[in-house]
Amino acid sequence: MHSVVCIKQVPDSAQIRVHPVTNTIMRQGVPAIINPYDLFALEEALRLKDRLGGTVTVVTMGPPMAEAALRKCLSYGADDAILVSDRAFAGSDTLATSYALAATIRQIMARQPVDLIFTGKQTIDGDTAQVGPGIAKRLDYQLLTYVSRIVEVDLARKEIVVERRAEGGVQLLKTATPCLITLLEGINEMRFGDLEDLFRAARYDLQVWNREAAGIDEVEMIGLKGSPTVVSKVFAPRPRAQRAQIIETQDSEPRNLAATLLAKVFTQHPKLEKEIAKRAI
Amino acid sequence: MSEKFDVIVVGAGMAGNAAAYTLAKGGLKVLQIERGETPGSKNVQGAILYSDAIERIIPDFRETAPLERHLVEQRVWILDEASYVGSTYRSEDFNKPPYNRYTIIRAHFDQWFSKKAQEAGALTICETTVSELLLDGKRVVGVRTDRKGGEIYADAVILADGVNSRLATKAGFHPEIKPKDVALAVKEIHFLPQETIEARFNIGEEEGVVIEMAGKITQGMMGTGFLYTNKESITLGIGCMLSDFKTQKTTPYELLDKMKQHPAIAPLIAGGEMKEYAAHLIPEGGYNAVPQVFGDGWLMAGDAAMFVNGIHREGSNLAMTTGMLAAQTLIELKAAGKSFSTANLAKYKAKLDDSFVMKDLLKYRRMPDIFHKNKQFFTTYPELLSKAAQSLIRVDGIDKKTKEKEIKKSFVASRSVFGLIGDAFKLWRAVE
Amino acid sequence: MSEQPKKPARKKVELDPRFASYRHVWVFIENERGQVHSVSWELLGEGRKLADRLGVELCGVVMAAPGERGREICREAFHYGADKCYLVQADVLRDYRNEPYTKALTDLVNAYQPEILMLGASTLGRDLAGSVATTLATGLTADCTELAIEEGGRNLAATRPTFGGSLLCTIMTQRHRPQMATVRPRVMSMPEPDPVRSGEIVEVPFSMFESDIVTKVLDFIADDTRDKPNLPFADIIVAGGRGLKKPENFQLVWDLAKVLGAEVGASRPVVQAGWVDLDRQVGQSGKTVRPKLYIAAGISGAIQHRVGMDGADVIIAINSDPNAPIFDFAHFGIVGNAMTILPALTEAFRAQLAQSRKAG
Amino acid sequence: MLKVEEKLFQDRYRVDVGRPHITIKDPEICAHQCQSQQCAVCCPAGCYTQEGTGRVVLIADGCLECGTCRIICDEHRNVEWEWPRGGFGILFKFG
């Protein structure tokens, strides 16, 4: 069984701070991490490998420093890692990115058949959740998004059964492999690699592919040219850092405090009053 | 299959990196184990880098190392409630390369230093905590980590795992630290536009300023404060003896915030964005607190062995030097085909003794006790100095002769003649 | 949208002539088993404004299996502002599957050429939008919080959170059409339906056979929402923390929640102390919630809790410590003992509801 | 009382959920034998808080791994102090 897991190195958005006065983005000291959603995908692939044997290959498209993210995946137990890095990719949006990753996966398949492709549900910096569907479309593979559990994988008959999170319930789906799966967050917890994995990750001779090695010759499909969307501006939401309106009454009697609070809340948030009236038993 | 190395270095701080780099350069098969996500993510320091120590390890460090500013001005402030008596030393000599001292940011610097060690051939694995030493009788034969299949063997282990040094304590090489031998420091880093920093401290693009502080800011405890200028940020912090912290009710963060509100300090960091709050223990016991630093199959370097010269605020250079000396000892023994037995490793202690490390520690060995028993250096004198300075400077019709009499009277009133002489004698003995 | 925020593109990028004739604003009306997801009505409200600003029609796209109220849903869409509805009915569209839905929507777009196509950012919407955008090789902006037409032009300026919500960015699709966007439920306001409104239904044939489709739906297990707490999707949450001192006092939280029909949440210390079970924990190592109302009783508002709930629309904090960090980001606060304030609040809400039920 | 939470909010942690690396050996000792409870004063991250009932509660999520609590609890040695698992705990961006 051979799984390919696409990961991305992203800024740790929890550490992004907006300067309260100048409203500029404080980028100092924002470390790069593996997109947290991708770790659920990698752990699921590693669990399948534990059960069915085989190997897990990790792929990322990014600058040279993304090597650190790949080495961390190796330290969790991934077998191989490929960094696709080329100046021509600069400025790629999700459409261009899915084109490049699809091409890369074709190159991998030329050397070793692939049963499953995993991506995280979305990235924490882009949050667009379009790269997974994009790759599946370009490879003409079935797409299973928001998968909450892999029920069964039948390598011989090239079939897979999964549970997929839908609105108001869970779909039980069966489809053909190879296919692309994006996983719901929280369905597993990343393992703590063995010492042997740490050594292997530190010693691994990383494969770095440029545009040609990734099998991309249509340059207009990647980078800015291949990107229909463009960011016209980035700005900070107006800060909501005012303190709470503290409710006070002369006698600070609980009953009066409660009444004053309700009055204030409902005058400032009329929609909320309707919402509560509608929903309360 | 468990791995076998010539040497295992535990920790990727100043001592660990210096040891790993020197060992790799010396051709030994060395493994460096760091418990943090990356080298530096667990290390905290005010953060001044002394070129002299790193130059002996990586002579051309200035070309690639992440350095913030080279220091051109040293200020020493004795602070009162709302004032300070200060002295400033600034010299153009410090403005001529090769610069002697730099401010650095440890998370960036340690990552660079460990990368250098890896490029030299050391194998570094992170996110792995060494839980205990593997002992064969009294001899250290390797380490156990917190990962499955976690045993690794080596001919020698260098303990550079920091001031708390759990490994040495568990193996009984190192008694549990006493509150009087260590100081707790808390610090913050505030980001400001580069031009603002340079305007406020009257410095050029690469130049830096250090302010060392003592006095009322430590609320009667024995301790000091500091403020360092980095490229786009200011680091400031305050540390006091843990034995003092233990007997009073001010929390470390209150101490820091009171210091930040001091009229002499507040304007320097005004408008800054605080991006990280850290805390760390600093060995202050000096010479008397240095434990046994070598044994059968192991050496200890850096804060783990209490190698810090408190009075001169020198820690990282002692850490780098002791890490280098430990590595050199192993390289020389291996070249001579000798084992890493206790007897042979005594060579490390000899190297330490004739280096500045032990000489400085020896010189100031009485300093901790003297200051420890004489809080007045941190309470009474700052006030006296500040009052004296104010009265001399203030022009208020009182003749200078009377002012001087008043000042003498105030000193004598609070310390008595014998007290003053005694204090002078203690100060002299402490630094003699 | 490229990941690193870049300088805005200087030169004005012209629309590709191939798309010059693309007109009208479309909203995908998401429905499963005859049930319309409310985000579709919110999008029609937003779509109406965009269509009026551009002087074009607002069209709904309804896909369903025969007998799943297809035409009724179109009529409902007219009440919420649509001028026209494209109705695609086929057996293969019974349960949502990526392949048939993507083909149906892509064919429709190529045939009737909208300039803007909006979908709800539900699991269905995001799955479908990603595939359709890739097939059409056009731009898609996800989870938009604000949609507007660019000053002095026809381009859609889609604003959305980035870097985990700490920043916003405005994204444009200048050369390609349709400009696609998804919007999360409850971000746009729900319009008032006008039962008098009507519109034109355009039936569109769709020929795809079950045998062509690889993925099969074996079963659908509806969420059993009875006892399982559903904090992430809850509209109102009442949460308790260590300030309640004793497990018995947590009953006051349940009482208030019952009156409000709210979910009960808790901070980590009380979950660790075993007062409440793990799937009610709100915060960094628990659930992230975006309710319309979050009442926090006896919760200090430490960082680990704050990151899980400061997305709530209205936060009311009750804490005896005036300096509790929660008062820094809550909207309303009462400094007092939660054990006495909570019962008073429960009574106040009960009275309010009784009175509004009489009037309603 | 100054809020240390505001400071810790700026720091970066990887909390090892369910595996606190520091624990109080015997809470009874804190409650009945230790008057000073200095850990609640000296801990730079405010992890130790004094309950009204005399007990001391430890939540080690915000721990800065300095070692103060272990060292000042020298009369009763009531703190079980270890490093977090590799890669967990405080992760200094600057240090």
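Order of writing sets the chain letters: A, B, C and D. Residues in each chain are counted from 1.
Simple rule for what comes next: contacts are C-beta pairs under 8 Å (C-beta built on N, C-alpha and C of every residue); 3 or more make two chains touch, one makes a residue touch a chain.
In this text, all values refer to a predicted model and were calculated from it rather than measured experimentally.
K.L.:
Which chain is most central here if centres come from C-alpha coordinates alone?
P.N.:
Ranked by how close its C-alpha centre lies to the overall one, first comes A.
K.L.:
More C-beta contacts across A-B or across C-D?
P.N.:
A-B
K.L.:
Can you tell me which chain lies farthest from chain C, using the average of the Cα atoms as each chain's centre?
P.N.:
The chain lying farthest from chain C is B.
K.L.:
Using CA atom averages as chain centres, what separation in Å is found between chain C and chain D?
P.N.:
That pair's centroid distance is 40 Å.
K.L.:
Rounded to a whole Å, what is the gap between the Cα centroids of chain A and chain D?
P.N.:
Result: the chain centres lie 34 Å from each other.
K.L.:
Measuring centre to centre with CA averages, how many angstrom lie between chain B and chain C?
P.N.:
53
K.L.:
Which chain D residues reach two or more other chains?
P.N.:
Touching at least two other chains: 8, 10, 85-86, 91, 93-94.
K.L.:
Which residues does chain A have that touch at least 2 chains other than itself?
P.N.:
14, 17, 29, 192
K.L.:
What parts of chain B, by residue number, touch at least two of the other chains?
P.N.:
107, 127-128, 145, 147, 233, 275-276
K.L.:
Can you identify all of the chain pairs that touch?
P.N.:
A-B, A-C, A-D, B-D, C-D
K.L.:
State the interface residues of chain A toward chain B in the complex, per the touch definition above.
P.N.:
Chain A residues touching chain B: 17, 19-21, 26, 28-29, 68, 75, 192-196, 198-199, 201-203.
K.L.:
Chain A touches which residues of chain B in the complex?
P.N.:
Residues of chain B touching chain A: 3, 38, 107, 123-125, 127-128, 145, 147-150, 152, 191, 232-233, 271, 273, 275-276.
K.L.:
Can you tell me which positions in chain D touch chain A when the two form their complex?
P.N.:
So the residues of chain D touching chain A come out as 10, 12, 85-86, 91, 93-94.
K.L.:
Can you check the complex and tell me which residues of chain A touch chain C?
P.N.:
It comes out as residues 10-11, 13-14, 16-18, 25, 91-95, 98, 122-130, 132-134, 136-138, 142-146, 161, 163-176, 227-237, 240-241, 243-247, 252, 254-255, 257-259, 261-262, 264-266, 269, 271-273, 275-277, 279-281.
K.L.:
Which of the residues in chain B come into contact with chain D in the complex?
P.N.:
Residues 35-37, 40-45, 47, 105-108, 110, 126-129, 145-147, 163-164, 166, 176-179, 182, 184, 186, 188-189, 233, 235, 242, 245-246, 248-254, 257, 274-281.
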